[in-house]
């Protein structure tokens, strides 16, 4: 069984690997969240898992089951909580989920943990969950945790190639060119190119209003157009990101 | 896209289905837990998801992403928390996860929710999570929740057929004949028949000791032998369970 | 003062006993829950306390005040939360109560703790409370905790004698023959034999529905008839249970 | 069964009484806490329950099972947490216990609840528990809650009679004349007059130090001498308190 | 920068002081709570901060930013939660705030912490917060915490001078002579002497009712008259309190 | 009393204003966090309060007391938790603090709330606190909440003027040109220009490591140089931000 997926390994295979190889363990963090009419609700977990598997395969690592539910979607980065299908956690739940996972991996003997996030809204709650677990483990525990958003590993060169008219910034890249392209690379059967909406980029003021104003968000849930997405771009971005994450893991955890 | 898996649907497909069909939504609840040397760590989530998909396909339902992490493994039903690879949640985390999911499905307009559990230790925390969500929703909310352990839908006739020497009870059926057979049916490539251990059934006193005594539990993690498992038994059990769950869903939510 | 009841001891008597004898400390866990028209609301706490006192007297142990309130009553084992008089705790409250008690007993120097449960619904929350306390105490603390449901100490021989027509299983034994008999033994003045209802055993499907359907549960709150209960049966069952718990305590904590 | 004790009533008797009489329900709140070498650890719960029963019998009320465990003992009012035998709850646990109880009594239809406290340290956590429950019940719920420390119902005349040399204040009345006298009235068999220590009153500075300094507290745990306690004083104080609480209940809940 | 206010120091100045001087750090705890028509909502935080600064300046201490929000106002000591402007915290929030602050000061190397409370209702939640932090720090940590209500440092002589007609007790001293006088000393521009209400002292029964009865509390929010307040009395009281707190700090933390 | 500061208003002045004017209420959110050797620990709370007061004065609003403690400092935006003096809250504490404040302001009748954040790390926990409060208030409550980081209101023109060599991005603007300039405008006496460190901008990889690696962060705590800061730049930035926030408040809450 050459799998990198922990859920597909027996406990004895996993244990032997931990003891023998001191491998990096990847915890993909996703969401169940609207991604427009052309991408599935599970996009964030699917992409985080796929990128993690790709990076893990380069460093002989292991990928734990993804956190499939994430923090509440916000209008400016995920469209907002008014969309049907978006299924989110309270902060305390996500923090606790991350803390418990880190605590358990530490018990297993994992020393290199990579918390690989694919849902922007998760970021700070993952930080807190990791921090609470490390506090519990005490100052002398050998576990070290790398935490990252996978898209931050794209180079400017790649972004320039993918966005010949200029990169509009990650803020509006929800269900847009990057995610659609990488989904076309990893899960082409889950993408409905024919349903990509045409709405121009959303335009937000420099503040939020709670409760959210649905009028701020395109009805499709897409914050800027996914036109221009293709599988080849996805392959390039995914490959670069996985490779550069693998490089970082090797360098940091040497 | 004829999938029943929510994570593979776009939000608009999901929404249309909720509005048009008032479908039953299945939430599979699993664990990441040792299942002997012959079954993968993800067995409980894999089986709960597979059974849910099978039942959902019979009632035109939808299957949400599984809760992949479950409550702490206990010696008498899952081997205990001392196994490497078993990755568990605190009670409060699992309760909160269930509560948040129910709250969100209710917001979507789901009226028929089936919380389908595949990890014995999860049971009471799922009950509490559902109860907290229903309290929040108030006494007049239309959501109704069916909660079940899937193995309780096997008939005595089937158990008699599967266990010609007499059914030893669900208590020891951890990584044993039932789970191994159903895995052989749904995920034959994840079963290592050649590694099934030979240890006889575990014998527990009528109490627990905390911290656990690892000597109580076979070193393999298997509580009674999986010898006798085969894919055909798995097919029969899985089919019966899925059909009877589907029948119950139709009858209760008519 | 030859009492085994901690609440009746002065702190200095208790402290001397802890230091001198290293005694087993019993924590009875009950509930305030309907038990039909013939048994009092406090049945579970009364029985857990009485059994604990009987076992404690055999091993020179001490009995702490019972947890008088328990987890929410479920239809299949306690009738459900719709009964007036049933007064229950949220999971988090009961978990915290158990955790705090264990933490404090450990501070006293108790090394042998017996958490003796008399309310089925409490089980998993007591497990979590104990686990959280032990985590806090750290891996090298000398405290060991035995946790049990007292009825699990009845032998098959006794059950066969008490139920000549066959034991229907503990599941329906709520306010039925076992509890009524043991109450007739310990607290005959609190039993109204003349009010025992006649309803046949409840019949439940292999799932739950939330919010509960009161029609599933006999209006009396009794899940199978208490006809056939008598004090002599109670004496035999209580005696056997107390003796066998005492034996287990001696053996485990030797 | 003329009992006022809820735990001794069947659910149907309780329900009938609630519906028919709209009675006041008393919740006694105690502790398991050192009370010197002459009083038992359960003094606070025993006294709160006894006073509650006495008051309840005067207004045809009902007494729920006492909260037997209370908030952490403080040096200036209960001696402190360093005493063996003192078994206390975290604030959050006690708050949750009170909140859950109030929520459940409200569900029963109770409209007159008396939270009768016998452990000084509980006060503010009971306030919070009640407040959280009332917030949950909403602004229009008919439940009203009276909360009190029973000793505040002694008149100055009685205090003058009990303390001919002048009342030193409730602050130091831990395991001293008042509690010892009332225990002699209600539970004479649990008092060891021969073991009353002689230490003069404790003298505390106008601040606290954490962690506590055990040297501040008499080794006996008694904050001022119980010399002068007798059953007759106990009878007078208990009778006055019960009567005046009953009067207040009648007046407030008319 | 000779300031004692931590918020006005750079981190390096603060660090050097901690390392070099092992100073006492004061944490003032206030509230945002009605204080009649003549005192500002921030009175408790303003006074706690001012007293802390005055005491700190005498012992070369440091004053951390005040907790500006406190526990819920109660009718008998703060008027109650029905006043507009009173802005309060749940118990758990205040407990957590205190716990986190103590944990952080301990990390800085602070060994002498003075939690100086100016809002009566905060008391028990500060105790719990300190206790939880100390539990986390473990039994051998060098941090010691003094906790106090500042008014407890007034001598009887001073109270006799301030209240020539007899001191009515701190219970009714909400927005009355003491607080008004000390505000006139520290913040005369925030006092509206012309708006002091005339209502006589509030008269409370020996119990509470929840939800509160607003009729119990003077409409002004003042529990006894502030007539008689003047800046000179404030100067004397403030000076005495600050000096005696400084003395206690020196003596205890020598 | 023409103040906009709520803590300086009497409750009756505040109440009258709320009823009469339906004003915007500003809640400044800061931190106690290292800001290099030249800025005080309280910088974030001081700036948030000052900006809030300036904006409030333009819309006849009110400013509540700042949250003086914030979420844990992160290396890439605040230097990290290893600095002495940085005094931070757990996520749950900050969330609860924000939730409680919003709940209370809603009780007062506030309909326009502006949560004005001055500490980057607070952002997501404020979002959660607001969300939890709004959930409690229910879907029909008239309260609306604007949430913002004040620096997001600077125009590109202003940034271009302040950073003639190009704006390096907000990420490194910790204790750098923007904060130093605005402090020079509002609190010149708290700035030590002579102590501005010279270290070049910090350079971070596209991931985090936990526990943090202090070597990533300049020893001064300053992430990019504050050279170039002056009071005039501060005046321009502060004025623009306050004016544009005021404009947004007027427009959104019209």
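Note that the chains are named A, B, C, D, E and F in the order they appear, and that numbering of residues resets to 1 at the start of each chain.
Operating definition for what follows: a residue touches a chain if its C-beta (ideal position, glycine included) is under 8 Å from a C-beta of that chain, and two chains touch if they have at least 3 such contacts.
Remember, it's a predicted structure, so these values are computed and weren't measured experimentally.
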In contact with chain A and chain E alike are the chains F
Path length in steps (a step moves to a chain that is touched) from chain A to chain D: 3
Enter the minimum step count from chain B to chain C; a value of 1 means the two chains touch. 1
From the centre of chain C, which chain's CA centre is farthest? F
How many degrees of rotation bring the Cα atoms of chain A onto the matching Cα atoms of chain F, given to the nearest 5? 180
How big is the gap, in whole Å, between where the Cα atoms of chain C centre and where those of chain D centre? 26
Please tell me the distance, in whole Å, between the geometric centres of chain B and chain E computed from their C-alpha atoms. 55
Centroid from C-alpha atoms only, then distance chain A to chain C, rounded to Å. What do you get? 47
Touching at least 2 other chains, the residues of chain D are 90, 92
Going by the defined touches, start at chain B, step to chain C, and keep going round the ring. Which chains appear, in sequence? B, C, D, E, F, A
Hey, which residues of chain E end up touching chain F in the complex? 1, 5-15, 18, 32, 34-42, 45-46, 64-69, 83-90, 92-93, 96-97, 99-101, 104-105, 108-109, 190, 192, 195, 221
Note which residues of chain B are touching chain C in the complex, please. 71-72, 74, 90-92, 95, 121, 123-125, 127-128, 130-132, 134, 139, 144-148, 152-153, 205-211, 244, 248, 252
